[in-house]
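Below are two complexes that have chain A in common, paired first with chain B and then with chain C.
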Partner chain A sequence: MKTRTAQAGVAAVALGAMLGAFAIGAPPASAQEDTKAEIERYREMLQDGNPAELTVLRGEGLWKEKRGPKNASLEQCDLGKGPGVVQGAYAELPRYFADVDAVMDAETRIVHCMVELQGFDRAEITKRPFSGSGQRATDIEALAAFVVEESRGVPVNVPQQHPKEVASYQRGERIFHYRGGPYDFSCASCHEGENKRIRLQDLPELTKQEPAQRAFTTWPAYRVSQGALRTMQWRMYDCFRQQRFPEMKFGSEASIDLITYLGVTAKGGKMDSPSIKR
Partner chain B sequence: MHKAIGIGIAAALLAGFANATEPVTDADVVATMKASFRERGIAKMDRLEQSDLQKQCSTWSGKQLPPDVKASLEKAAMESIVYPADNDYLGDWKEGEKIAQSGRGFQFNDTEKTVAGGNCYACHELSKAEIAFGTIGPSLYNYGKLRGGPTESVLRYTWGRLWNSHAFAACNHMPRFGAAGILTEQQLKHVMALLLDPESPVNK
Partner chain C sequence: MADPMKIRASAKGDVVDVRVLMAHEMETGQRKDADGNTIPAWYISEVVASLNDKPVLKAHWGPAIAKNPYMQFKIRGGKAGDKVTISWVDNKGDKRTDEAKVS
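Our next item is the complex of A and B:
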């Protein structure tokens, strides 16, 4: 593991340098296919070492360490499969939790456990849930990385049994199509319809199973362009920034509903996260 | 006794059934949206208030727009178009190219002073020199050339399309660059030149 960690660190530095070169070197005007091939090659190289491995290790440490005002670990946290069961839990989230009578996603549930088991202050730990570019992952991000790693290879199976799980999906579908703001954008503006691209970035058609699977199973991810681990909550948050909406609250009902909608659509996809993205 | 239990079970089943299948309402969705965001900087909560256009286009998103809804939205959009008072439609294509490249403006981390761009390349191919273009909208390469240059009708149509695209295709995905106050009249003229000036790389 030590060697892997070191490799991941070296890979992160090398990738940073590569990305710089990639951004500065203007591609030749007539060579779109070359550019595409180049991007493909770059993506392949990214697979060799994922700096998120470091974050997973830190998350595992945070999970097991006695912390907070109650000096407790998170090892008794119930992520939906019973207290202490982490294996496979992420693939079945969001889900309904009777103790809070609400649907929660992985990150919201992690925060819930940090508050309930460890005695952390909710407002305090969710004030800055996302790290800045190139910064060390926040505790929530590191814990999410650890939890998702424990579902690698597990098929996505977000439940639709409890009425509140069904309602969450239904709202999620409606929110996906909710146009608003000065630009009239909704999630669907970019993520409905085949073979869409924004600039050179392919846009997954998230109303369809296969693209939804690819999306759901690969977040959280290490984003090379930001030098940081990014979670599903962050993905929602930053899409709405680009939609020109107000700021989405961490763990808000709309965020959980959208993740439920995506997760149910992505049923059967095999979790493969943390992944690495451009 | 048995009957009473039977009725009790039936009532419970009905309640469960109703609970499970009751569709979410518009009010549920709006309440969830309002509870899930906070204002930040220039992005106030009123951005979640939907106009009639936004409401209709959300309802029919991904579905066939009914002809009467389509006609009424297109009529309202057409009436919103403000044509340039000086009847001068074409600015400088070089400025237009800069506007087409810029995706800045109106995000919560922008300010009132941020000069917004049109971000045309995010969705459209324009000049051949820029290969990093999106495909959400159609290619606009040779836009002016293919339409026989900047005739009066082409000028008015193109201006209207930029001002409020819903006048011609209700519920399409293009922002209302004029009607929503995203670009200024002068900026729109520069984008018009990018599309229609025979010297613009779009028409080369």
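Our next item is the complex of A and C:
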């Protein structure tokens, strides 16, 4: 990685300290368990001074600033709890929106508001929805960070009242189990069944409530290894890439359906985002 | 304009613990972009911290400080309700000032 970041520096120091502690400590019962505990400790150390907080502050500024061709702020944006209500909104997304007759997730809805209220060009703002490694967060990422911060501690409650919300969940479940691509992979190949991992990363079993809660409540997150804040749309996009599926379009129905499926499974988990991840 | 910084200040006894997270690229001037051109140095060169507008800390920084710098320090003689102000200036002359109330 070309980009030099503070976080990479912190990671190196933390690793060094970990190795030192490992060498002088009693022999571990299980090397793998020990590594897992140390990774947890490393995450705790990073939580203080999470760079995502800077993105949240910028997002708040963007939310309140009059911008775009219509010179309007996003303060009248309806995230599902009425115009202007941000508090707790993320925990109940994706949901059905009557004005567009469709289910939308947080990021899609933010884009919708940027188009409708501020007059931005949809194609223009969604051309590059995700920032590059170590680069400044995009406006969508910053806004998503702000919106999710306003739901910290709020229990996840993705609604299943409207028929389209139910349909979205059902499609999401089907996509989750759909095998395809050159690897003949599905989301479930990695995320269904106990104790699966890629290298040292434990893979959450996303069909179960507790692991789904941990996943849903901790995205968006600051990714230390990429020096960037990553959103839920990015998480879906990158899982598709890792499966070698066709590129997932930002805000596509498939992406929203998968987020709905995860969100409904994660019901009751307390939002704790933006978090910080390896 | 520079992005806001995150300041947390909490009092314990008469000591205020201040934690600051600043948003800055902190380019060293050593890196090259994809075309092989040197990326110019761009870093915070001076940081000033004040308690109730009285300067308590002044730091001269250089390109060795990492991106999005995190700084933590303690001020003796502060109490809850006091105002902590942090200002920085970078080598391009860009500046930023933010303040927080001690909790």
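Methods note: the second predicted complex is superposed on the first by the 239 of 278 C-alpha atoms of A that agree within 3 Å, B and C clash if a C-alpha of one lies under 4 Å from a C-alpha of the other, contacts with A are read in each partner's own complex, and residues count from 1 in each chain.
We take it that a contact is a pair of C-beta atoms (placed from the backbone, for glycine too) under 8 Å apart; a residue touches a chain by one contact, two chains touch by 3 or more.
As the structure is a prediction and not an experimental result, all values here were calculated from the model.
Engineer: First (chain B), second (chain C), both or neither: which does A:L57 touch?
Structural biologist: Only chain C is touched by A:L57; chain B is not.
Engineer: Of the two partner chains, chain B (first) and chain C (second), which one does A:D48 touch, if any: first, second, both, or neither?
Structural biologist: The answer is second: A:D48 touches chain C but not chain B.
Engineer: Is A:C239 touching anything from chain B or chain C once the two structures are fitted on A? First, second, both or neither.
Structural biologist: Neither partner.
Engineer: Considering only the touch criterion stated at the top, classify A:G227 as touching first (chain B), second (chain C), both, or neither.
Structural biologist: second
Engineer: Look at A:P182 in the shared chain and tell me whether it touches chain B only, chain C only, both, or neither; answer first, second, both or neither.
Structural biologist: Only chain B; A:P182 stays clear of chain C.
Engineer: After lining up the shared chain so the two structures overlap, which partner does A:A254 touch, if you call chain B first and chain C second: first, second, both or neither?
Structural biologist: First partner only.
Engineer: For the overlaid complexes, name the partner, chain B or chain C, with more touching residues on chain A.
Structural biologist: Greater contact footprint in residues on chain A: B.
Engineer: Taking the stated contact definition, name every residue in chain A that is touched by chain B in one complex and by chain C in the other, in rising order.
Structural biologist: No residue of chain A touches both chain B and chain C.
Engineer: Where on chain B is chain A touching in the complex?
Structural biologist: Going by the criterion above, the answer is residues 16, 19-24, 28-29, 32-33, 35-40, 43-45, 47-50, 53-54, 57-59, 61-62, 106-109, 121-123, 128-129, 131-136, 173, 175-176, 180-182.
Engineer: So in the complex, the part of chain A that touches chain B is made up of which residues?
Structural biologist: Residues of chain A touching chain B: 27, 29, 31-32, 35, 163, 166-167, 170-171, 174-175, 177-186, 188-190, 192-193, 195-201, 203, 207, 240-242, 244-249, 252-255, 257.
Engineer: Across the complex, what residues on chain C touch chain A?
Structural biologist: These residues of chain C touch chain A: 3-6, 19, 21-23, 26, 28, 31, 66-70.
Engineer: In their complex, what parts of chain A are in touch with chain C?
Structural biologist: 2, 4-7, 9-10, 48-49, 51, 53-54, 57-58, 61, 134, 227
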